[in-house]
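Each structure below is given as structure tokens.
Each of the next two complexes has chain A plus one more chain, namely chain B in the first and chain C in the second.
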Partner chain A sequence: MARPVLAVRHLSVDFRTLRGRVHALRDVSLEVPPNKIVGVLGESGCGKSTLINAVTGLLANNAEITRGEVIFEQADLAKLSERELLKVRGEKISMVFQDPMTAQNPVISVGRQMTDTLYRHRKLSAGEKRKLATGMFRKVGISDPEERMDQFPHEFSGGMRQRISIAMALMMNPDLFIADEPTTALDVTMEAQFIHLLRELQADIGCAVLFISHNLGLIAELCDEVVVMYAGEVVEKGPLAEIFFNPCHHYTRRLIECDPSRVLDRSAVLPTIPGRLPNLTRLPAGCIFRSRCGHAIAECATKSPPLLAVSETHSVACFNHASLIERPAGGRAPRLKSNASENPVLEVDGVHVRYPTGGLIRRLLRPDAPRHMDAVIDVGLKVAEGQTFGLAGESGSGKSSLGRAIMGLTPAKDGSIRFKGDEIRGLPPREFKRYRRAMAMMFQDPVASLSPRQKVRRLVMEPFEIHGADGRDLNREAENLFQMVGLSREFFDRYAHELSGGQARRVGVARALALRPALIIADEPTAGLDVSVQGEILNLLRELQRELGLTYIVISHNLPVLRHVSDRVGIMYLGRIVEQGPTDRIFSRPAHPYTRALLDGIPRPDPSMRRKLESIEGEIPSITNRPPGCEFHPRCPIASDLCRAVPPAATELNQDHVVHCHNPLQGA
Partner chain B sequence: MTDRFEPAGESAFSEDRKPAATLRMVLRTPQGVIGVTIVAVFLLSALFAPAIAPYDPFQINIPDRLQAPSLNHLLGTDQLGRDTFSRILYGGRIAVQLAGIAVGLSLAIGLVLGMIAGYGPRWFDNLMLLLFDTIRSFPTIVMAMAVVSLTGPSLEMVMAIFVINAVPGFGRIARTQTLALRNTEFILAEHSLGASTALILRRHIMPNVVGPLLILAAMDVPVVITVEAGLSFLGLGVLPPTPSWGSLLNEGFRILRDTPWPVIAGGLPLIITTLGFTFLGESLRDVFDPKLRKEP
Partner chain C sequence: MLNYALQRIGLAIVIVFLVVFALFVMIHFIPGDPVAIALGPRATPEIEARFVAKMRLDEPLYMQFFAFLGGVLQGDLGNDIFSERPVLTILFEALPYTVILATAAMAWSAALGIFLGCFSAARPNSLIDRITGVVSIGTITVPSFVVSIYMLIVFAVFLKWLPVIGAGEPGNFWDQARHLILPAFAVGLGWVGYVARMVRASMLEVIGENHIRAARSFGLPHRVVVYRYALKVAILPTITLLGIGFGNLLSGAVFAEIIFSRPGIGKLIFDMVMTRNFPVVQGGVLVTAILYVATTLTADLLAAAMDPRIRKSL
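So, the complex of A and B:
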């Protein structure tokens, strides 16, 4: 094998904190061979970011490399001075960061930022540099590069900015390219485009890539080799196919099983990994994964397992991995039956949500500018008792606005919203309060949606204080709720920031359940949660639904999650529901080209199912500047002249499957 | 997904704003230790002044007038033979009362007005801003002199003037903080539960707004004390024979040709407490807002 571009050997990193030394990385070894894409896979807190910061010499001040080396071009990066590192960073090693919105300087034009990366380099004239930059822009798929070079970052969308980040990173023809979760801030269709672009450019330039992600699908889609990390250790590494088809570490195996897109049976309980990451200030003796493993043997408790070779290229840090090679047959996962009835709990018809834009001054300066934008247009849906309605769509499609309009948090302009037959749209707050008992909403960020200065107990009791306790014992009620959501009493006296994402989410569920509502609107219930925790929350929601006969509206951009929880799904685009129908039908036979594009955009955690092409071109237009006719036509592969002129009406296919499209896809 | 250890403890601690933890953080820097010590000594000496003071501060004793510091009179005596040390201790009591009431009142009024301005209707917000800016455009001392010359000097007047001048500072901070919180998810979540505006303001906004206000309060204490001293020095504040630090300076100034001690003794506590509260305020700010803190 050729000499690796980057070799990390036995790297250990500690952080000095007020609470003691955090052993963030321990004995991490990995190699990035030339011209290969190596994926680092792990959940939050596993040390992925610490690893790249150690490689690029960007560790925080309180970090200390206690052991090991980072060999790049025969030099140990960990020992180089800051000045020497400058020659490496950005030239031989370049990076793309997570958030494209903050990774560029907002007051310098993108072209200038591009050419600036060449400042140290070669005796190039300004014109030549610019030419290089425009060439790079063209390569990453930015149209009119000559003009767009002089624009500023805010004039580009998130997807475009991430392309610019790549262009900037690859300007120098680096030997090593590091991408740290580059698509977390992007929508599915943008993500698919980005991954496709990255693969193309890598083949073109031929650099080695270190790709960091928690998303199994992306790793499967992109990488040649995989390193799995857990709690600061490498637990398994090997070629992609080996890791996905023959995972040897129990953690890897469970992680792959947890991915909701693998669980095709909607009624099955999602697998999870119970337990939490160990405290890295006081390391447990023996294997770091032992407490969550379930296959531990005596040896695991005393000795920390070294990386053992399974094959020539595949190694795993586990004493008891052999048992895995024969997979246990395993009984079928327990099933959950839904008990949906026909009584509609919520009926929404022709609802508009309109936000005013700009104030008085803007109106005076630009009298013809639009005074409002429509976030939700003419939406109708019906949810029956005990059912789950899934709302899907990319960011800015109006999903959350619709949810908030139903909850009376945002006024709906017209149409009707009926809750159990009562019209609730436009009710004054005093009268709406009655319905708030029966409807609850869970918000996106599990931690930020809890008041930061209140103890958890208080937060859970609050709904009773607001709506009257009717003589109930609040402490008892809180305890019951805690039991229902599976939290122990020790959490009562904590504050929101002292909880993990999953725990905070459970508190959110407890608050929503407090008044025994009939309807719960869950806005991205799994956002910000790791895969292994995501399953726990979804299972909890399903279980509660069955026990209490709850009705859900689940808002999410994560289609595998929606497929798993919903009975019916509505797909939103630019504020309209463009297709809705029973989940199985939508997922197996989508009728709208956009639905199809979204489904194609889901990265599958299966290396044998790599997509050949990017699923869809273009980006979501701005809702202040809607295309005429069918609003999807600029991105639609099968758009006709009719689509460009006339907005499509609702077409009912069978089984109350409704689509807004002139040419519904065949087979639907 | 950011790595959990990256911000490295510091920020984890700044989240943790229980009073005991805050005090521990303040005491981690020399500045904080000095600040806390001075403030503690100031408060204790004011509280126990009657017990500590060796003489009655009002006791006139002409034979012992204008003495230099000695073991009998630690800081000497004034032109009427009153013990300066005792008078300073009692002056501290006045300073504490004045600062406590004036700063407390300004904080309370500023907090309420600021939160309503930030959370309530737009017109009220604009009205408050107009009011705050108008008040702020007056120089405190000049305004105080104008008012006092109309109403006559008194401790109450000094307080009222200070409160009027300090409310805009507190109000503006409370307003900005409230505006920032107004659209956060947890406030929206409270709304969706049906919580009333009063409950949201009291339970969910106030605890998040009060922290920065306390910093400002600590920094405003020396301002009140100096305003009082300034006014009393000019004869517009506390009237004799009440021993405030300002009136001490005023009297000392008149007999400066005979002895420098009353002026020195009256000025020192002023300087030291001002320094103490400023140090405390600054270290509090560092604890509450780690972004402003310089790298160690």
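So, the complex of A and C:
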């Protein structure tokens, strides 16, 4: 085998904190061979970021490499001085980060930022540097690179900004390219384009890639080899197919099982990994995964398992992995039955949401500029009691605006919104309040939507402060709610920042449940959660639905999640629901090309099902500049002249399956 | 941008108008008979009658206000009671001294403050950072008139390095510059601390942002990352602070001008209050207020113009 580009050997990193030393990485070894894509798979807190920072010499000041080495081109990066490291960073190793919206300096033009990375090349003139930069821009698929070079980052969309990040990182033809969750903040169609671009560029430049992700699908889609990390240790590594088809560590196996796109039976309870990450300040004796494992043997409690080879290329850190090879007879996953009825709880018909743009002076200066933008256009949907309606679409498609309009948080311009038969659109706040308590919202960012200065008990009881307790015993209510969402009493006195992502979600669920609503609108209920925790929240939501007869509207861009929880799904594009119908039908036989593209964009957690092509081209247009005719036609692979001129009307394909398309796909 | 600029300018005009109104009300409600206050007990009824007519004190209040407002709009702020010279001329003689003092004070304190702020933000919690922090708090808390007096005693009286009082010989640049050093130092000192603390805080925030990590990952040297990439973002809130600070310096200059006996607008107002020369006081306060509004406005517009996100979208 060729000498690896990067070899991390027995690396251990500690952080000195006020609460003691955090042993963030322990004895981590991995290799990145030339021209290969190595994926590092792990959930939050597994030490992925510390690993990258240690490799690039960007560790925080309180970090200390206690052991091990990072060999890159025969030099140990861990021992290089800052000056020597500068020559390696950017020149030979470069990176792309998670959030494209904050990865570039907002007040320096992108072209300047690109050419700045070449500052060490004094021989090049400014013109030559600029030429290199424009060439790179063209390579990553940015049109009109000459003009766009002088623009500032905020003038690009998220997908474009991630392309710029790649362009900057590849300016110097690095030998090693590190991508840290590069698509987590992107929509599926953008993600698919990004992965496609990355694969193409990697083949073109021939660099080695270290790809960090928590997304199994992406790893399966892109990588050649996989390293699985848990709580600062490498628990398993090997070729992609080995890891996916023959996972030996219990953690790897459970992680793969957790992925909702693998659980095809929608009534099944999603598998989860109970328990939490151990405290890395005081490490438990023995195996780090023991408390959550369920297959521990006596040895696991005393000794830390070393990474041992199971085959020539595949190794695992587990004493009891042999038991995996003969899998336990697949006991059927427990099922949840839904008890949906036919009584509609919510009927929405022809609803518009319109936001004004610009103020008085702007209107005086530019009388012809549009005065408003339509976030939601002519939307109709119906949700029966005990049912879940899933709203899907890329960011900016109007999902959240529609949710807010139903809740009365944003006025709907016209149409009708009926709640249990009563018209609630445009009610004055005093009269709306009555309906308000029967509806609750779970907000997108669980931690940010909780006040940082109040204790959790107070936060959960807040709805009673607003709507009155009606003589209920608040102490009992609080205990009840906490029990329902699976939080113990010790959480009463905590603050929002002391909660993990999953716990904060549970608090959000408890707040939504407080007033015993009939309808809950959940906006991205699992965004930002690890797969193992995502399952817990989804199971909780469904259990509560069954027990309390709740009706849900779940808003998400995560289609596997929607498929799992929804009875009906609506796909939104530029403010319209372009297709809606029963979940199984939409997912198995989509009629709208956009739905099809979204479904094709989901990375499959199965290396044997890699996609060959980009699923869809272009980006979602601005809602202030809508294309004529069918608004999807500029991105549609089968658009005809009719589509470019005439907006399609609703076509009912089958009972309950409605699509807005001139040429619905065959088989639907 | 144009939209935003028009909005801010409109607001500034409204504020100036309110200042004119408040000023009129304040002067009018100073207790006592304005005639007796202005002319003193020994004035004859004839002189008093002439004064009343000249100052239009016999007209109804609203007429007096409109007359005052009309005068202000035409640049007529009345005449000095004693010398009969137009107030505007007197103010314009004094104004340059104050503006130069405030500008010099702001320039050195902002430059040093921004440097100290960046310097400590680049090495948070180091010894240098702590020392800068303590010194900053020190300069913020010491009143500028105390500094002025000690500076005078040490540098002008004992060491005799610098002149004691006055603004220097008109037309002689070096002499004027030598006279500027002590007051500019005394007035600006407090701002060094403010600016340093402010820049440090916003620098620390920016340095924690993703794009700085990205810039470092591209191998840009520390110096470029801190002084070009981070400072350009972190300086934006500081500019607004400096705008307000410049206005404050104009009023902070009063002490320095009195102590160092510089013929600036602060000393002028002080002297005129002592001699009850109200038209000059009124004019002086008005001009100071307008300057204050103008500098704040400039800073707001500058901050907007320096931030491409605001520049394009407004």
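Everything that follows uses one rule, which is that the second predicted complex is superposed on the first by the 667 of 668 C-alpha atoms of A that agree within 3 Å, B and C clash if a C-alpha of one lies under 4 Å from a C-alpha of the other, contacts with A are read in each partner's own complex, and residues count from 1 in each chain.
Throughout what follows, contacts are C-beta pairs under 8 Å (C-beta built on N, C-alpha and C of every residue); 3 or more make two chains touch, one makes a residue touch a chain.
On a predicted model such as this, the values are computed, not experimentally measured, just so you know.
When the two structures are aligned on the shared chain, A:Leu409 is found in touch with chain B, with no touch to chain C.
Applying the stated contact rule after C-alpha superposition, one finds that A:Phe443 touches chain B and leaves chain C untouched. Here chain B and chain C are compared by how many residues of chain A each touches, and B touches more. Once the two complexes are overlaid on the shared chain, A:Leu58 sits against chain C while remaining clear of chain B.
By the document's definition of touching, of the two partners only chain C reaches A:Asn105; chain B does not. In the superposition on chain A, A:Leu170 makes contact with neither chain B nor chain C.
Contacts of A:Val379 after superposition: neither chain B nor chain C is touched. Applying the stated contact rule after C-alpha superposition, one finds that A:Ser94 touches chain C and leaves chain B untouched. In the superposed model, A:Val22 makes contact with chain B only, not with chain C. When the shared chain is aligned, no partner comes close enough to touch A:Cys300: not chain B, not chain C. Applying the stated touch rule to the two superposed structures, the overlap between the chain B and chain C interfaces on chain A comprises residues 98. Those residues of chain C that touch chain A in the shared complex are 2-3, 6-7, 209-222, 224, 228-229, 232-233, 236, 306-309, 312.
Contacts from chain B toward chain A in the complex involve residues 1-10, 12-13, 15-16, 184-186, 188-196, 199, 203-204, 207-208, 295.
By the touch rule above, chain A contacts chain B in their complex via residues 15-19, 22, 24, 43-45, 47-50, 53, 60-63, 98, 181, 184, 214, 280, 404, 407, 409, 432-433, 436-437, 440-441, 443-445, 448-454, 462-463, 465-467, 497, 508, 511. Chain A meets chain C in the complex at residues 56, 58, 82, 86-91, 94-95, 97-99, 102-109, 113, 116-117, 119-120, 152, 154-155, 165, 168-169, 358-359, 361-362, 365.
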